[in-house]
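Naming follows writing order (A, B, C, D and E), and every chain is counted from residue 1.
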Amino acid sequence: MLLSSLIFIPLLGMVVVMFMPKNSNKAVKWTATLISSIPMLVSFWIVWDYFFSHSGSAAMAYVEGPFDWIPILNIHYYLGVDGISVPMLFLTGLLSTISLIASFGINKRVKEYFAFFLLLESGMMGVFVSLDFFLFYVFWEVMLVPMYFLIGIWGGPRKEYAAIKFFLYTLFGSLFMLVSILILYFTSEPHTLNMLTLIEISPNLSHTLQMVCFVFFFVAFAIKVPVWPFHTWLPDAHVEAPTAVSVILAGVLLKMGTYAMMRISWPMFPWALRELSFWIAILGAIGIIYGALLSIAQKDLKKLVAYSSVSHMGYCMLALAAFSSVTAITGVMFQMVSHGLITGALFLLVGVLYDRAHTREIAAFGGLGVKVPVYTGLMVLFGMAALGLPGMSGFVSEFMIFIGAFSVLNKVLVGISVLGVVLGATYILRMVQNVFLGNFDKERWGDLTDINVREIITVAPLALLTLFIGIYPKPLETLMSATLQNLVDLLAR
Amino acid sequence: MEFAFPEYNLRLMAPEIFLFLWALLIVGYDVTTKRKNGAVLGYMTLAGLMITGLILGLTGYGRGFGNMFVSDTAAKFFKIIFLGSAFMAVGSSFDIMREKIVNHRGEFCGLILLSTVGMMFLSSSNELLSLYIGLELTTIPLFVLAAFYKDDKLSVEAGIKYFIIGAFSSALLLYGISFLYGLSGTTDLVQMKINIAITHLTFQNIGVILILAIIVILAGIGFKLALPPFHQWVPDVYQGSPTPIAAFLSVGSKAAGLIAFAKIFVNGLYAFHHPDMAPNDWGRLVALMAVAAMILGNTVAIRQKNIKRMLGYSAIAQVGYIMIGMVAMNTIGMASMGFYIFAYMFANMGAFAAVAIFEDKTGSCEISSYAGLSKTSPLLAATLSVFLLSLAGIPPMAGFMAKFYVFAAGIKAAQNDPALHFMYWVVGIGLLTAVFSLYYYANVIKQMYFAKEPSPHKVTFNIPSLTVLLIGLAGLLVFGIYPEPVLHFASGIANSFGLIP
Amino acid sequence: MTKYSFLICLIPALSFVMIVFFLRWKEKLSAGWSIASILISWVMSIIVLIETISRNGQPYEASYRFINLPGINIEIGILVDALTAIMLVVVTTVGACVEIYSVGYMRGDSLFSRFFAYLSLFLFSMLGLVLANNFFMIFIFWELVGLTSYLLIGFWFEKKSAANACKKAFITTRIGDLGFLVGLFLIAFYCGTFNYGDVFAKLSAGVMPLGVLTATAIFVFSGAVGKSAQFPLHVWLPDAMEGPTPVSALIHAATMVAAGVYLVARAMPMFIGTGNGAMVVAIIGLITSLLAATIALTQNDIKRVLAYSTVSQLGYMIMALGLYGYDTYHGSPSVGYFAGTFHLMNHAFFKGLLFLAAGSVIHGIGTNDIREMGGLYPKMKTTAITFMIASLSISGIFPFSGFWSKDEIVASTLHHPVFLILTLTIAFMTAFYMWRLCFMTFTGKPRDLDRFNHAHESPRVMTWPLAFLAFLAVVSGWVGMPWLHHGFSSFVYAGAHAPEHHAPSYALMIISLCVALSGIGLAYLMYYKKSISPEAIGQRFRLLYKLSFNKFYFDEIYQVAIINPIMSIARFMWSFDVVIIDGAVNGTAWLTILLSDIKQWFDVWIIDGAVNGSGWVVRQIGDGLRFIQTGVAQSYALTISALVVLFGLIKFELVYLTWSWPIMTIIFVMGVTALILVSRVVVTRQELNSDISKEDKV
Amino acid sequence: MFYYLALAAILFSIGLFGVLTRRNTIGILMSLELMFNAANINFVTFNKYIAAEALLGEMFAIFIIVVAAAEAAVGLAIVLLIYRNWNGIDTDNYNVMKW
Amino acid sequence: MTDGSQVGIVFWFLSFVILVSGFMVVSLKNIFHCALFLVLCLFSVAGIFILLEAEFLAAVQILIYVGAISILLIFAVMLTTNMATKKVSQSNENVAVGLFVSITFAMSAILLIDKTSVWRYRDQAQNISEGAIVALGKSLMTQFILPFEVVSVLLLAAMIGAIVLARRERS
């Protein structure tokens, strides 16, 4: 019931919100936030309990099912979590609630907004807990719809374009996944969509089929990650989306790609993975450098953060290519969590500025450090976290990724990827310099106000977690070590 | 003189008979009340359809009239679809019955019912003659219904186009059937399957005339299915004819075409599906047409400005997906075809109902006039969005389950038989074009939701059309989330066509 | 006490947290708290040093696992040995002085509390760096000192130059760190641990091939290159002078920049293992030293001269360490290690003093430019005297501390004649430019009377630290006098590869003393007596002068060779992304819909060209297919029948007819073409007709 | 038998040609009748040559004739509508809806 | 039919009439003439039916087709066409393609029929018994009762439809 509650409480919340009276904006906001805090607390409890009771073994915990759902197709309602999904649940629960708090400023079509948001949360939770392919796919797709509306209705000037682009792009990817799922379904005997079973049997497939399925899965997930060159939906979607949605996009949705790789395509097709790992690593390296370079060239604050995501997820891909190293795979998980925290916070902060200044043009600002010191401090803090400063989670993950990748991948390639660290510093510092340092334009920004308490409440947990993981990463590592060890063993098949 | 009467088993025909009588009753009632009966007629029609549905539920399986009339799973399944689509079409025509066709309400409802009767006969027919008659009984009232706005040039144009192409393909169909008859000496489908197989084995080769027969019959039934290259009437007719009729055409008539196709090809020409039977095979040809349908429907729909035309092209595309299930020619394929048309019924009838409601209040079918609708009529906008998303195949709507099932069938066929590897490509193109399709469906949603200005139109509902919307919504969601009962039912369809699971 | 030495670094951290969250609004309390904590650390450091001495430099180590990863040992821990203990004292001493000094220097600044917070954070990081027992941890603090350096250089961030400088500093050092990071990966890969002791043990066991070891050493050294502003990454340090002067004193003179030297010293076993690597280190050090000294000759900004001097001195130390590594690799350890670390300590004191004194001057007169100073001695005596003490020290005049350590550095180059000569040259230049500075600032006539009249001595809170540091600048060198058998030398070696203890070489002492004195003499002649005209010399060696004055054009070269290309690549990539990758996507998905405008259509058609072509094709297919939809029922019938025929023909041919496939294809194509042509004709006809009929109606 | 079938094929093609090319809607209807007749000839021929005893072909032909009559009636009613709306029954009239 | 018997001669004659009049139907400029040729064509088809021993069908053909449908068509022609106006052409732009397509269709159909081996072996006319008409009637009432009833429904529907469409509105 624990995992189902994660899915169905937000869904219930959506219904509740939808049937609330029309002009009760404030009540809607509070209701939605309170309802979404339930799955958040549940996810905290799961983290806590998993850490103490289940983290020793790689087996699925809190398993629900398999209950018959569509017996004629052997489709089941089957939920469970392990060390890969627990951190993601945590991230989802936390960021959803934070995003809802950050959305209190929404004054346009409030009911719909919060309803869609809760639906989105439900879908995200579903993706991370389902163990049946069909269920997984359904949740994977279900998310797209609220996301489409959230970007399209509440987004920026080019929202329609961004929304449809996001929708089409990701749908395009997921259809590839559908084909692979079907192939797997029909090659298994008896036909099954149970992921765990398929992980066991699918390495027995013919090499051609393995390769086809792997590539298809890869395309599907790579679009979500996004891996270069499938990334172009990302800047548009991130930039046009309202702040809270950008947070969810960066914090959770991108992780689904890597999560799905670790959950599905990697363990299912170790042979194909071995064949292709070099190319995946190259894509990862390109993503790192390319995203960072693009971030350097950006003039829009949000776009800069968006492209930095491409770079950061490139690290994940690089490490995922280094599949035989537990260190690298652990690094991926760390990077997923920390990128969710850091980039989420950066988007929140950019949104804070945008709310006040109504522009995100980097060149429009300068010297804001004088006027809004607390905001500047937070921004610099997360900026430093983003560029991988030790003491914060980003460093731990990048370090593990590089160590792991270095030990198994082509060393020159990894060496080149490390350049991303410098480029990362460049774009962050350029941004900090141009926005917060230098001359302050009193005429224009004289009445800018500093970040308020509500906004601080939204970023503070992220800051604390970033620092906590950066300083004391051991708990998180312990949480998932058994699972990841098992994963690496599976990949060695 | 002696009459060797066959065993009639009229019991099995009870739904058809009842519906026919009810249609007469409605026409007669309309005439006797001097056409001043208001909405009563519509409710009567709905009631009649519901009663027919009940009767259908009570009748069992079996055969009647010798071998002419069969009541099996496929027939029952499709009859539900016919009744459902007729129900929703009538439900969404209350507005036009009140305003536009005041003088012919009875005929309007009656003809819809008669067409439904024709479809039901068609789905129960077991040999070519009654199949053909059923098809004609389906089509002829539809000719009339398409041209029902007699003073509206678009409607009349739709009527004549539908008529010309309909009659033309009817002639093609007949010509093809005549060759089938010539090859087998019988019109009974099962007998025909056997005879043709025997002839084929006896003479080593059945004879190339089968090529012509297959192609010509394909053209004849392809017209009903709107399967390219026999699709071109679709957008014009949908645009011109009364919206509920367009809806009925897109679902009921298409389902009729499907079952006719299944009866002739899947059952009668079972052996000639496989590419090994080249050049007499029809599988690849239909696959090609399905591909053409998906590409053509989904690309051209993007550029449409009229929502009914757009839905017309979408209907062309949808039939492409359905045909994947058909070409797969396995149990899953047949079941998926059934489920697809079932889900499609809710989505398409719902979408057309929404369009009809909107058209009635604003007089416009331009997609651009939907701008900002979500602010003034949130319910209409929300339901229409759900319908369109279901058509695009987004979970958790039933449309997704349908697409999933159809693609599953395609992949299964391709995997089981190397000769059917082309099904991979068909499925691939289906997936790709499904992405395109989202674009134009989402375009409507975009207009409704993303526009800054609220729409100047405020839409009100009457109860039946609201019911139709809600039925569509409920159907999509319920069967999207829990499709098991329908799937279970649909999985029997293959049996009816002689496919052994 | 050694057991609790981790507190030495945690106390400033606590102070940082306290100031940021609780004391920010109370300036005096902030400063007081901060100074108190560094004083506690200082006392503890001294105790630790004493304890270490009493342990004969035997290391103390304690650590815990940072994270459990198979195959790699990542830990957080402390290591207290001689080097650490010395560095702790140096850092805390200079830190304490600077903090006290800052109370005066930063008075009235609106961000007074924040300054102390940053200083505390820096001290935390620096002490952590020194205490680290493994490469992973040193890297962490390595980056943190970079961060605080960034924050402090950019402390007056409203100044554009400061804003630029801090970014430059961070990024430039990060480039070095990049190499360091790769070095760490290599270490992790080959050794599976980061712990100094374990790594060195494994290295000496030969887990790394020599080539890899050399590469690793150079990679690690590149971190030091960045941090210690060695050639070619030295460009950031002079710019970093944009920060407040106490910061320059603490971070960019005494401690952080010395971290590079510390790292080389710490990783010395690694360099010992690879002669070539060590040689690279030495050569880089030499080049840097020479280059910086040359540039320092002509600079007019007092802090920049000091900055280049710092670079030069750091180069000195690194050269000495490198030569030690090289010599040890070849079996004859020199005194380089001792010389480097010894000079590191002395340099911290006298260079810190120089900066603080310069800060005092700047504080008093309000400018950095020595051409606007002059004759300040009477006005600010304490400052002047301490400055000169430090100058004597850096010039290497007996018995000031610099003399002893510089002497050892010269001694370490004895086996390498080129190094020896250049080292002496640098010593000469050092003496010259330091005294040029002294003479121009404190003697002669005031050049800017306005400023001169306003000049005043700094408050006591600033001069006392000067005095204390001056004391240290005199005496700190005595602990390493060559006559002491158990002095600094034997302490730092602590048993490892110690060179033969040899008698002090008086000749060398005298030579280096003479070199220093001649440098001072030349400066005296040129800038005090003015008997030699600097302009004339500048004219004579114009090219050299220009190169030196313009810092060898390093900034410009980097701008042209690195920054501009990266920026243009970045912009190009962006346009690539927008136009090509995204263009392809858009094209394929028809997201560029506004094609009705012909001009735009052409733009898209021509610019996006082939890539968008795919999208265009799809769109055209759509349009073409749409076009068949003529609206005439008969055309539909035509399509049907034509395709029926064509299907028939194709299938037909398959079995019977002797027509070959090409003919069939031709027929097919012809048929389709005819079909399309005809439908087009029909379309136009219909179009015309409908137009006409419309006109009729009108 | 071949000749009957060939006759039917040619007649069918003539009807086809008419449907494709006639400008007058009633002309199209007539051509359609030709096509139906061609099919009828086929049925009757097969009835005679393939399976005479069952008389299926003739039966089919009778039904076709009836259906054709019904179709003609409906078709002509629509033609009347066209005439009323456009004052002419040329196919050129009704092509408002396209693309 | 190649034997030159009487049946053969009649067949050739009827075929000739059918094809010529059929061609007239689709090519003449005057639609009224077309209708007349249609009548001739349908008559000849009835003759073919008689040749094939389907006398009853021939009768039906004459009664319904010639008697009803053709007359209906002619009425419609007269109702809707202004005889006085001379049309430039009764054919549209598709003539060339139409010709191409229909000739190809005819040729390939004939070729395919010719190549169909099954019919080669069975190219033998079977006797149709004397009581064929009776049998036809019987099976219409027994075996084919269902289509028979349905077709009446169909006629009813067509009738309703035609009335609805053709009726002039009172307004």
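The rule we apply is simple: a residue touches a chain if its C-beta (ideal position, glycine included) is under 8 Å from a C-beta of that chain, and two chains touch if they have at least 3 such contacts.
What you see is a predicted model, and the numbers here were worked out from it, not measured in a lab.
The chains that touch both subunit B and subunit D are C, E.
Within the contact network of the assembly, the step distance from subunit A to subunit D comes to 2. Seen from the Cα centre of subunit B, the chain whose own Cα centre is farthest off is C. Remark: among chain pairs B-C and D-E, D-E carries the greater number of C-beta contacts. With centres computed from CA atoms alone, A is the chain lying nearest the middle of all the protein shown. For this pair, subunit A with subunit B, the centres built from the Cα atoms lie 43 Å apart. Centroids built from CA atoms put subunit E at 31 Å from subunit B. For this pair, subunit C with subunit D, the centres built from the Cα atoms lie 89 Å apart. Looking at subunit A, residues 164, 168 sit in touch with two or more other chains.
In subunit E, the residues that touch at least two other chains are 92, 94, 97-98, 101-102, 105, 108-109, 112-113, 115, 119, 144, 147, 151, 154, 157-158, 161-165. Multi-chain contact residues of subunit D (touching two or more other chains): 12, 15-16, 19-22, 28-29, 45, 50, 59, 63, 67, 70-71, 74, 77-79, 81-82, 91-92, 94-99. You'll find the chains touch as A-B, A-C, B-C, B-D, B-E, C-D, C-E, D-E. Remark: subunit C residues 626-627, 629-634, 637-638, 641, 686, 689-690 touch subunit D in the complex.
Here subunit B touches subunit D in the complex through residues 128-129, 132-133, 136, 140, 143-144, 147, 150-151, 153-154, 156-161, 163-164, 167-168, 170-172, 174-175, 177-179, 181-182, 185-187, 235-236, 239-240, 303, 309, going by the rule given at the top. By the touch criterion stated above, subunit E contacts subunit D in their complex at residues 1, 11, 15, 18-19, 22-23, 25-26, 31, 34-35, 38, 41-42, 45, 48-49, 52-54, 56-57, 60-61, 64-65, 68-69, 72-73, 76-77, 79-81, 87, 89-92, 94-95, 97-99, 101-103, 105-106, 109-110, 113-114, 119, 122-129, 132, 135-136, 139-140, 144, 147, 151, 154-155, 157-159, 161-166. Remark: subunit D residues 12, 15, 19, 25, 28-29, 32, 35-36, 38-39, 42-43, 45-46, 50-51, 54, 56-57, 59-60, 63-64, 67, 70-71, 74-75, 77-79, 81-82, 84-86, 94-99 touch subunit B in the complex. Residues of subunit B that touch subunit E in their complex: 1, 3-6, 20, 27, 65-66, 68-69, 103-104, 107, 110-111, 114-115, 117-118, 121, 129-130, 133-134, 136-137, 140-141, 143-145, 147-148, 150-151, 159, 182-183, 199, 203, 205-209, 211-212.
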